[in-house]
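Note that chain A is present in both complexes that follow, paired respectively with chain B and with chain C.
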Partner chain A sequence: MKTEHQPILDEQTRRVNLQQVINLLGPFLILAFVVMFFAIIMPGEVADTFFSAYNFKLILTQTVVVAIGSIGMTMIIVSGGIDLSVGSVVALTSVLGAVLIKSGSSMGMMILAVLATGGLIGLLNGVIISVFRMTPFIVTLGMLGIARGLTKRLADNQTVNLPDIALPSVGLLMADPDPNGYFVAPGIAVVIDLAIIMALVLNHSVFGRYIFAIGSNEATARLCGVRTRLVKLSVYTLSGVFFGLAGLMQFSRLRQGDPSTALGIELDIIAAVVIGGASLNGGTGSILGSMIGALTMAVLRSGSTQIDWPNYVQEIIIGTVIILAVGLDKWRQSRGRQ
Partner chain B sequence: MRLLAKIIVTGRQIFYGGWMKPFLHCLAAVFIGLFCSLSVTGAGKNLTIAVIPKGTSHEFWKSIHAGAVKAKLELEEQGYKINLIWKGPLREDDRDQQIAVVENFVARRVDGIVLAPLDSRALVAPVETAQSVKIPVVIIDSGLKSDRYSSYIATDNYHGGQLGAEHLANMLNGNGKVILVRYQVGSASTEEREAGFMNVMTNKFPSIQIISQNQYAGPTRDSAYKAVQDLLNRYGKEVNGIFAPCEPVTIGIMMALRDMGKAGGIVKLVGFDAGTQSVEGLAKGDVQGLVVQNPMKMGYLGVKAIVDISQKKPVEKKVDTGVQVVTKENMDQPEKRDLLYPPLDKYLK
Partner chain C sequence: MSVPRLRITKVKKCFGATQALRDVSLVVGSGEVHALIGENGAGKSTLMKILSAAHSADGGEIQLDGQVFAPATPLEARSAGVAMIYQELSLVPHLSVEENILLGREPQRLGWIDRSERRRLALAALAKLNQQHLPLKVPVNQLSLAQQQMVEIARALVGSPRVLIMDEPTSSLTQVDTKNLFEVILRLRDSGVSIIYISHFLEECLELASHYTVLRDGESVGMGRMTREALPGIMRLLVGRELSEVYPRVPHSVGATLLEVTQLRGVLKPRNVSFQLRAGEILGIAGIIGAGRTETLRALFGLDPQIGGEVKLRGSSCNRATPRAWLQKRVGYLSENRKEEGLMLGRSISDNLLLSNLHPCATGGFINRRRQDRLASSWMSTLGVKARNSAQNISDLSGGNQQKVALGRLLHHDAEILLLDEPTRGIDVGSKAQIYQIIGQLAAAGKSVIFISSYLPELLGVCDTIGVMCRGTIRTIRPAPEWTEHSIIATAIGQDEN
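The block that comes next holds the complex of A and B.
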């Protein structure tokens, strides 16, 4: 028996591995395509500065908020859910940070409070979704309004400005420490570290595999003994902490609490995750892919600005790339099945 | 425990695994190559100037764009070659997006940036970065809470409010009851206009009574319309004159006065800024005066200032582009016509 089955298993494993490699490379191909596209059409003097170390650092800095958000969003989308409240949570936590610093709280306390608030909203989303079995789309759409409203209340409907002495320490996370060299803003290092940790958690921990199991087939996962409610609750809570962290980065970048910030950023984040190879049906997706997806969006944006295309061209191009990326993904999947 | 061991092992594989090394070498080589090319700079009469407004779809910003193009055309006649880039934030009124636009032009090493900052504080950091890599930044329209810019070219809003108050008081012969409808909390330019108005009304015209001055109209024409309807419901019978500190509020008041049958000069209305609708109100006689700014001049002087800086000529740290009152009587004079109907088509094809 055993010897008969061995070759079939081997072939299956091989095919899966090949499939995984293609899935992993997909987002890189899109990024490479975008970079090459700019390299070809950019006039010489624009290309010189676009493909510079300074600009590379700049693009990374501009990616930080979306990248951190997409780490959380990847977990949620892999589990078969969605979170539309990210933009509002980012605004709420960044305004909360500004209010706390203004009222004399220490940096450490502020960071803890910001992360905890993000986690709390995630927990609330998770409870409603998993305990009351409501659709994530609707629950988080409601939370989008609630969190934005709370933000405006907290900010008293205007921007929260800080005393001048607080600005350098607040801006530290996202400020370029070394404009002429290769050191990057601490926020970028935070993103890379977190992405590595979360990629390992998602792929190699029991918790991570449960998330994939739920996203692939929730009923089967439950029958196999996965405590689906608890896992989903944890996914939304943990992601909430990441959204809080994204809010902290946004606060550090603006160096003020702006209640209208990050409007619609959830769509950028979802786009980054989808370009990164995730399926909105759940069960597939990778942190690395999402990071590359976020970077692709930032490269597109930066390139279109520096080549001085009008904004509408930029919006049309980014929209097209999203559809192409998903189309590419579908095509890969249909080939994989044959 | 097993998980931890696995994480460490996998991490080591990623960092010390052979495939990472050639990749890093390539990356380093690419960086060094690019860094060298950074030091090549253009100079002389060939200039790339980025003009960054707060948004791109309002008439006010189009006038600034037209002014910038006018400066470009004039400079090109003098033998300069100007590459003018007009670029607003992708999402209008989004500070983060405007910061990104400024940063991207710093990365592109343009020769100068003309910026209308969306926020007096949020834009400080990118402007200071630009100055630290020797890219001159000229601030137009709204102030920046920093002194590390090259020049600030804007309307004297306080003076505009004073002019509006004097015009309104003279029409009322220094007597009567007036209302000031404020715009929005936290908007610096309109707050200055309101302060200028209050200053003249209380100090120069003691027999004019201000019956309401603490109501805010909100950001849109619709919110202003509703707020003014409520206000006129209470004070409509006794009010003689109203002042509005910006365009949406002017329109809201005009519509509410028309509803009540008090338009056409029964209640005098002095507004601020020239837009299609407010100018139409002026021509019809429903608005008795508009305090107008000169946005074209801001765009024009902004671009000129960058060129002056590049030629090492001194520039003024603060430039006032002037405000004036336009009425139905003087609106056909040529220089007023240019303010009311800026020649956008001539410059923006």
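The block that comes next holds the complex of A and C.
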């Protein structure tokens, strides 16, 4: 039905659409900026290796763990929460995988156990946060310590080595890409599939709508009959399963159980989600953005390593990029409001 | 005789020791707009929260179309056909128009949202309001206030409610938007929806409603047909209490102008506020909630942006001064929000008393504990604060004693001008009398006070001058003896003959 207001409101819709495109473009811009930065700064022969197709496939493989983690983290952050226990959960589940394989369990059983453990820890986080109404930051900070401690106990505080015969099947998910052919690690396909499914869930399912509603205004969501506690609990549990999956990938990549692995990886994951356009206040964020964010983090790490910068330079540069990304987001939002 | 749409009989509700609702009865017919009128704190919000199941009643009965209505959750109330539109918009800012309208009742197939059905339902709800031109995909935080209000109403209309409750829907709307809203309300009424319309503005009630009920101190004290002839009676019911408290008057005289505010404008409110404050003057500001009284002080004190206008202190311009700058000029502000803004709950009495001026008890940047305690203790005895000692946690104290500490901070700061926002809200009668006494003594010492209050007898009893605000502007300023409760209320709700 046409009314005389139509042109103005079409304008409003168009402006918002444009803004959404810009928001989506933001993470890509940051990635492009990082790539260009390396292109300019790298000496010729290093650049040739860095910008090869093989290295790109390698970077993709290195992205897998952080990318899966940031799919779960995106859900949590959109709902207005945070999870600091990811690194410990990744370590716990990867060591659990190693212990199980070493004791002769089948691949299928091992995968099931790893995912269930991740989900269980997420469920525990979710129950404490939503039923006992404690702050996610504190609850998951506590869980960070608990899970890391359990990991060390499980591994007897040393690396869990596998029999040689088990190595190829364990390592398959995160196998090195074929330098000349088309083969990439199956883990990459898992990430892409999971990202597509979760993007659909966040944008097209009732569950997804409720996650956004709770992060944006929890009081209103409850007033509209949304079961906010159940939704939050489900978010943490489902994310826990994803963190278990990330642990599986880490195990596959290391082909051993290392109780000190993935230390501080939660910060990379949170950075990826924030670079991807999510706000730590909740209510905004996207899976696609977080995936680009995860890729950006991997490119930064890989590039810094190949230039042969010492570790401390890496840390400083990554820290700077995170602050720049959030600054860009703030600026974008204040522009959008005018 | 037909069964009324909604019948509320002798409903009661207590919060701890406070009796919010004593005895409220209300009858609304189908297709009727019913005005619910009452002062701030009369119990309107509590009653509406019971209807929407945010609270449950302690006694009495509610019937909806002859059936007992006792919903346990907001969702149940909505499914039974009672929908509520809140005074503060309660939309989810990041979600789009159609997502907000269907929030909590999304059309779905196995958990996946049926987008075309959602679009159809949202459009149908908007069409009832003749608002189908609203952009469905735009996040609501991009819309104007009036558009957001339409989204809010549309959400209430999903599922065809039988009773629609609107709480002060025009308080943030412009005149044109208000006119549109009225058309919408009348259209809904004609389609058979019963509407409970809560408003301070009698003129609006007269235009919309066929019947009214007046609430006062948690009781329904009058009801009848809403006609122009009924207005004087309603006004009497609204005021209807005696000047039971005594206001100790400290003799003082008014001197030269200190603070001059001209056409002050904030982001939304105030719209246009001008006044002068003289030395030794107590200036009261009256008005209903939402008139912009607090916003005026906040914009003046630099807590909210000052968009326009001129502020002068002793003849020199002080536009957009920060709170810190005002404090340095010895102008202090007491927040109406004691718990969240006025005090640091969890810290000691002395921390709260001395925060804005720590110099007297510090040497070289380090605080001397003993001097701090001595200073705080002397203020506590001056103010009559009842507590174990100055190290006691402020949250252990009663509201009255907390407020005396908050006010004491301004005294310790030796403020010359005190901006007091609802200084007596929620405290006992004895503490109130002490605070009136302190205000009077300040004026006698040549200091100036701006005193915001929703309680008219205290304004009339304490102030030298009273300005009445309505919709973001000070409508009239007059010496206090020239005001009556009746004339203040009439001005505050836009019923004066200006």
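Brief remarks on what is shown
Everything below uses one rule, namely that the second predicted complex is superposed on the first by the 328 of 338 C-alpha atoms of A that agree within 3 Å, B and C clash if a C-alpha of one lies under 4 Å from a C-alpha of the other, contacts with A are read in each partner's own complex, and residues count from 1 in each chain.
The rule is simple: contacts are C-beta pairs under 8 Å (C-beta built on N, C-alpha and C of every residue); 3 or more make two chains touch, one makes a residue touch a chain.
As the structure is a computational prediction, the values presented were derived from the model and not from experiment.
Once the two complexes are laid over each other on the shared chain, residue contacts for A:His204 go to chain B and to chain C alike. Once the two complexes are laid over each other on the shared chain, residue contacts for A:Ala213 go to chain C alone; chain B is not touched. In the superposition on chain A, no contact is made by A:Leu172 with either chain B or chain C.
Using the contact criterion defined above for the overlaid structures, shared-chain residue A:Arg253 touches chain B, although it does not reach chain C. Of the two partner chains placed by the overlay, only chain C lies in contact with A:Thr284; chain B stays clear of it.
Of the two partner chains placed by the overlay, only chain C lies in contact with A:Ala221; chain B stays clear of it. Applying the stated contact rule after C-alpha superposition, one finds that A:Val184 touches neither chain B nor chain C.
For chain A, the partner with contacts to more residues, out of chain B and chain C, is B. When both complexes are overlaid on chain A, the residue A:Gln306 reaches chain B alone and has no touch with chain C. Residue overlap on chain A between its contacts with chain B in one complex and with chain C in the other: 204-206.
Considering their complex, residues 1, 3, 5-6, 9-10, 12-13, 15-17, 204-207, 209, 212-213, 215-217, 219-226, 283-284 of chain A touch chain C. The touching residues of chain A, when paired with chain B in their complex, are 45-46, 48-56, 58, 61-62, 65, 157-159, 161, 171, 175-176, 179, 182, 196, 200, 204-206, 250, 253-256, 258, 260-264, 301-302, 305-306, 308, 311, 314-315.
Only residues 3, 6-7, 10-11, 14, 31, 34-35, 37-38, 40, 42, 56, 85, 87-88, 90-91, 93-96, 99-101, 103-109, 119, 121-122, 124-125, 129, 132-133, 185-186 of chain B touch chain A when the two sit together in their complex. Residues 73-75, 78, 90-95, 99, 103-106, 108, 111-113, 115, 127, 132-135, 137-139, 142, 155 of chain C are the ones that touch chain A when the two sit in their complex.
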